Structure formats: C-alpha cells, structure tokens
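Heads up, the thing below is written out as structure tokens.
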Amino acid sequence: MADNLDLVTSSDPLHPSQLIPELCQLFYQLGWTTGTGGGVSIRVDNLVYIAPSGIQKERIIPLDLFVMELSTSRVLRAPPAPATPSSCTPLFFNSYRLRNAGACIHTHSPHAVLATLVYSGPTFTIRNQEMIKGIRQGTTGRGLQNHDTLVVPIIENAPREDQLTDAMAAAMAAHPDTCAVLVRRHGVFVWGATWEQTKVMTECYDYLFDMAVRMRHLGLDPAA
Amino acid sequence: MADNLDLVTSSDPLHPSQLIPELCQLFYQLGWTTGTGGGVSIRVDNLVYIAPSGIQKERIIPLDLFVMELSTSRVLRAPPAPATPSSCTPLFFNSYRLRNAGACIHTHSPHAVLATLVYSGPTFTIRNQEMIKGIRQGTTGRGLQNHDTLVVPIIENAPREDQLTDAMAAAMAAHPDTCAVLVRRHGVFVWGATWEQTKVMTECYDYLFDMAVRMRHLGLDPAA
Amino acid sequence: MADNLDLVTSSDPLHPSQLIPELCQLFYQLGWTTGTGGGVSIRVDNLVYIAPSGIQKERIIPLDLFVMELSTSRVLRAPPAPATPSSCTPLFFNSYRLRNAGACIHTHSPHAVLATLVYSGPTFTIRNQEMIKGIRQGTTGRGLQNHDTLVVPIIENAPREDQLTDAMAAAMAAHPDTCAVLVRRHGVFVWGATWEQTKVMTECYDYLFDMAVRMRHLGLDPAA
Amino acid sequence: MADNLDLVTSSDPLHPSQLIPELCQLFYQLGWTTGTGGGVSIRVDNLVYIAPSGIQKERIIPLDLFVMELSTSRVLRAPPAPATPSSCTPLFFNSYRLRNAGACIHTHSPHAVLATLVYSGPTFTIRNQEMIKGIRQGTTGRGLQNHDTLVVPIIENAPREDQLTDAMAAAMAAHPDTCAVLVRRHGVFVWGATWEQTKVMTECYDYLFDMAVRMRHLGLDPAA
C-alpha cells in the first residue's frame, strides 16, 4: 500500500483532511469525543476519510487520517502502523451505502447516553420543539416541521462496534426517515447529505436529547 | 440588485458586518445558536444587517450578510444565491419598527425553552434577583430595580417564524415595558437601543431563565 | 483631574491595568460576570484599580479603568465621561480598609446565588471537603483544614450596592475569619492578601457553593 | 542543589516540561484543577516531573516545575524558593513504584467528589457503559469490555495528602486491576503506562462518575 500522502495534504480548510481535525477539536469541547470516544468521517465521491482508532480526537492531525475506497473498502492511505481505522468504520459505511451520506458523526455525548436510559424502549420520541426543524426527513431531505414527532431508533449495545453493523442497518431500514440511530448506553450516529448538514443535525439531535432528559427530570413529558 | 460589497466591508471591528460574525461565535459557545438556530441583527439608521437563514452561525463571515432598508424592507445587499435572509427577519423588524431598537438577538437557549415549559401560562415572572437590574424598562429606557417584578410575555410557537410576527407585535403592545418576548418551545427575542444593551440584556434574561428553572427544580418559587 | 494615562499604561502583564481586563475575560467564561455583573478590583499600596460601572466586563481594556487613592477616596485617573466607577466601589473599599486586602472579586455566579436561596438563614455552612483547604482564615492568613467548618455570612440584598456597605462591614466584624460575604439573591464578595489568593479563594468558594447546592438537590447534607 | 535548567528546557511540545503546563490549562477548563487543586505528574525513566504546590495550575510555566529522581526521591531541579513540590508527590510516587506508571493525574473534579458522596461505601461501581472500554485492566494493560463491571476503590480523606499514601497503596494492593483511586470528598488519582493513556482514562473515569451521579439523580441504578 502506497502512502498516498497527497490524499491528506491540502491547503483548503474545507478539505476533509483539514476539516476532520478541526471538527474533532470542536466536538471535544462539546463533550462529544472525550476519552478518544466518538468520531467523524467524511465522504467525497468514492473516497472515505476516517480517523484512526483509539487516538485522542482533539489532537488528530491530517497525517493521522485513513482514506478508504467506498466501493471496495480498500485502504488507499494509512498512517504508519500500528494505527488502525476507527472501529466505527462499518457503521460509517452503513450511512454511505444505505443512505448515500456525505458524512457521518458519532458521539458519546452524555445527553445521548442519558436519553437511551430515560427512554427504555426501542425509540426516542419528542415533539413540539423548534429545534426539530433542524432535522431532515431521510427519504426526502426536507426539513421536519416543529410540530412533527421526531422518532430516533435505539439499538442495544454490543461488545464490539462492528457487531452493531447489522442492528444499525436494520434500524435504518425500519425507520427510513431517520438520520440518526442511538446506541443504548453508548452514543449516537448521525449522517447527512453533506458535512454541514450532518454537523447541524448532530447539534439539533444533541440539543433535543438533552432537552428531553431535562424535561423528564422536571416531570414534563417530551412527547406530549 | 447590485452587490454593494462596500456595505459589508469595514476595518472597524465594531461595524455590524464585523460584529455580527463575532457575536455569533460567542453565542454559539454560550449554547444560544447551535444547529443554525437563533441569530443577530443590528440596525444603523435605516440599514438593517441580517444573517442568512440556515447557515452555521459560528462560521458566518461578513460576506454572508444581508443588508436591508428599514423603511422599505428592500434588500440592498445580498450574498450569492441560494442564500435567503434569516427567517426571523419580520420579527427583527418588529423590534425596529415598534420600538426603534438598535439591535435584536434571537436565541434557542435551552434556558429560555425550559422556562417556557416550566411556566405554562402566558408570562414568565421572577423577582428579587440582582440580575433584574440589568434589564431596562421598555418605555423609559431606565434600568429596573432588583425588587421589581420582571414579566416576560410568552407567545405560542407556530410552524413558520413569520407566522409569529403578529403575536409578537401583540405581546409587545400588551407589555410596553418588556424588552423580550419568549416563544414557547422555541426560544426568545431580545431588543434594545444599542447592540451593547441588547447583548447585556440577553445575558441577563438568559441568566434569569436558568435561575428560575433551577429554583423550581429545587422546590423554590422564583416569583416569591 | 488630570488624565494620568501612565497609571493604566504598562507592558507588564501582571500590572493591575493589564490583569483586570484579563481576569474579567476569564470570569466571563466562568459565568461570573455575565450581563456586566460582578467585577474585580486590585490594590497596590495606596492605589486602587477599579473597573467602570455598567460596561461589558469581557470587553474592558486598560484605558477603561479608574484609579483611586485608598486613603482619600480621590479619583486619580478616570476614563472619559460618562464612565463612573463600579457601583461596588464602597464594598471593595470595605475589604481594603477593614482587612488590608490586596484585591477584591465580586461575582454574580449562579452557584453563589443558588447557595443563598438553598441556605435561607444568615450563614452558608459546609464541612469535610478538600477544597476548604483553599480558603484562608481571615485573622491568621493560614489555610483552613479540610475538616474545618467553613462559614460564610449571608447579608440581605438592597436596591443599590452602596446600601450594602454597612451590612457587609457588620458581617465582616461578626465573622473576623471569613474572606467572603454572600449577598442574598445577588452574589458574593471575596478578598485576600494578593490578587492570586483572592482569585484562588473565589474559585474554591464557588466550587463549594456549587457542591453544596448539588448535594442538597441529591438529598445530602453539606454540613454533616 | 544545582538549578539544572536544562531539565525543564525543551523545544519539543511533548516534553514533560512543555506538556504539563499545557495539560494543566486544559484541565482547568475542564473544572479539574480550579483553585490550585489537582495536578499532573509525568515520569520519563528515572525522572519524575512535578508541578509546585499551591500555584494556579492554569498559569504554570516550564520553569515552575520540579524534577525528582524516582529511585532516590532526590530533587534534581527546583524553581526558586519558596516553591515546594506538589503535596501529592508521595501519591504520584505510589503509581510509579507500585505500578510502574508513566504519568499520574489528580483532579478535584466535582464529578469525582459527588460520586464519592452518592456511593457511601468503599467502592464506586458502574457497568454496561461504552466508556468503560476506555479503561484498562491494571494487571494486563488490556482494555475492559463495556459489559465488565468497573470498580474503583474509595479511600477516606485525611488532613494532609501525604497521610493518604498508605491508604492509597493498600487500595491499589486490594484492587490490582484498578487504574484509579477515589478519595472521599476530595477527588481522584488516575495513572497509566503513558501520559496519553493516563489522560484518556482520566476523561473516561470522569465521564463515568458524572454519568453515575446523573443516573442516581434520575432514579436509575448505574450498577444494574
């Protein structure tokens, strides 16, 4: 495997190799990627940019990134061993293959994890919140209305992240309009057509998870 | 429509075209404008500076801004299509036309939204808090006293922000001394004579919304 | 009154004219000086440096500062009108005259205000916390032990800050070992021999106020 | 004792003399080292880098650091008097001598302290959380599984930190797999093979302490 340094070398601040480190720093500040948790992947056509596994997210630099070919899953560019691609890679690929996503963000945000604990069933539900308008309908790409009911499927956690691949795909098939899947006691995966849409929706989902938990704590019903 | 680039070009850090991006970054850090939510508008005489709709607030640059003429609602300067002015534009104009405001800030702060949930009636009320002194009386411009009762009207949310225009105007007419209107399950609009007063009052209102929710959670009455 | 620009001009980052703006920015980030609330004053021998009243604390620059003479209360240096010295000035002077303090910090931290609401009596009390070791005994300057009981007097708020002067002085006389006075529904004043000790103690008090409120919320007794 | 300035002079940002100040700033922002509390120590072979006692952690510079010899406890380099090495020094040495650690982090995080209050017994216990995977087994260095039960011993606080030395060592002996010891009403000590592992584990532990306290507050059992 050639090093293909050019794949992660760019002077464009919006190039995935520049953007992923920048977003990882922001997400660390938001409490989404503490302790090497969570991650970001961006796709440009057939190229998928992925952070390495088990590395402090807020310290990632462009040279740490992997680049994979979507159609073949082949690694086109890797940093020096012993780095391995994020263990979330098959989950990121779910969003690319099943939804043609342009990016996928995974957080371990306490808001997401608490939402999966407060909602003990198979879905998270909230309605009548302005921030729901920031979420798009998976099938049409149109924004939801603030009086729509937002439903996010929750799958059960597994020992390894690749063991979540099928359950995540099944939840996506059962919920064609969702742009996110929660993983109980673990976090959330959010995808969208572009990195901007994905980041914006991740912020909206996170806000709504937090709002729902706070409402429950205050004795209010988020789904009313 | 000419581009009128000069309207958003300035080397003065306090010019609205420089200030709005700076404030948007700060408000993002405060949790007020996550997920493209919220916004800031500043007026200088007959010119109104407004951010575009649906753009990440913390990444706005001067060239992203719209400039409108207050008296005619005409767009004097727009960024390249497909940008559209903030959907809050008619609500910002309420503050300019009904109160002669110099700026208007809209936040989706969770503190504001939770306050509208904990206070299920048509007003938010708090008293005996030092931070009330940071709020001015709408009719006189004088600061309130810390033992005054602060009342903020709460209007019900609607599917589109322009549909809130009349309800916001009615709340302003019914509460001539308020410098803010809460929107249930949505957020808050705050205006003032200058951008400084508007920012300071938004901080004070936000502090008081948060304080009231925390007090209720602790079993204390914020209006006592 | 001469302008005496030299009093607020220094290339030393630890000079009060440089330090006060820096600390105000930090305290804004900590939520202590939002909405122009709170403030910082530093004394060097007979000179007292004070921020102006009603100005956004995180935007203060050295040229905004007042310098007063401790022995005479005379203003030696003022920024252009209409600036006026912080309304906390007589309270800062309490710490300089009654305790020979080197600095005094005033915050509107929600932690302090909530502590005065949860503790409805005339004192805040906590014990058996490591962070108590960060607080010094007013009479001896020695650090407290972590098993000592920390007592902070709470005075009632008044319409104007100068009306708190006598009550604060009385609380200091009644509690010779305290380095802080809480003001109900308002905030806290903390002083110390140097700006470093004052800042460190303000952080420790704020931590303990927050801890006590959280403990009460969890059904635990902070004074046990 | 020679000054040995070269021990704390380096242009390598990952040299302990550069890294400790950087990490202290980060930990201050995380609320772990407020009020001079907490600390960081890094070991390179027989050299142990330690911050001074009672200094604002976020303002430490390389020249403030002590360097000690692990085998002899001799101070090889000290800043000018009256600085003294961190009072946690014997506790840091526990991790170096009993576990051959490469770094040790001590925080006063409110999450850690609240965890020791909510768990009134001799251990903190949590299970079925993804973030448990960020913690390593002390004996093997392997990462835990997310369905493993994480147990952290809690020792009782003492007036001076050196008085905790034996209790910490005893807890380490009784819990050979732990990489952390909580101190009731005080904070936590975390160590690991490298500074990276130690920082990552401290973040994971802190996340889990916070999660457990929030779960208890919501009426959920973190150990279920």
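Each chain carries a letter (A, B, C and D) given by its place in the written order, and its residues are counted from 1.
Everything below uses one rule, namely that contacts are C-beta pairs under 8 Å (C-beta built on N, C-alpha and C of every residue); 3 or more make two chains touch, one makes a residue touch a chain.
Please read all numbers here as calculations on a predicted model, not as lab measurements.
Identification of common neighbours of chain A and chain D yields an empty set.
Most remote from chain C, judged by the distance between CA-atom centroids, is A.
Counting the residue numbers used at the interface between chain C and chain D, under half appear in both copies, so the two copies meet with largely different residues. A separation of 44 Å divides the Cα centre of chain A from that of chain C. Spacing of chain B relative to chain C, judged by their CA centroids, is 31 angstrom. Residues of chain C found to touch two or more other chains are 217. Contact between chains, per the stated criterion, is found for A-B, A-D, B-C, C-D. Partner chain C is touched in their complex by these residues of chain D: 34-37, 56, 108, 110, 113-114, 117-118, 157, 159, 183, 185-187, 213, 216-217. Taken together, the chain D residues at the contact with chain A in this complex read 128-131, 134, 145-147, 196, 199-201, 203-204, 206-207, 210-211, 214-215, 217-218, 220.
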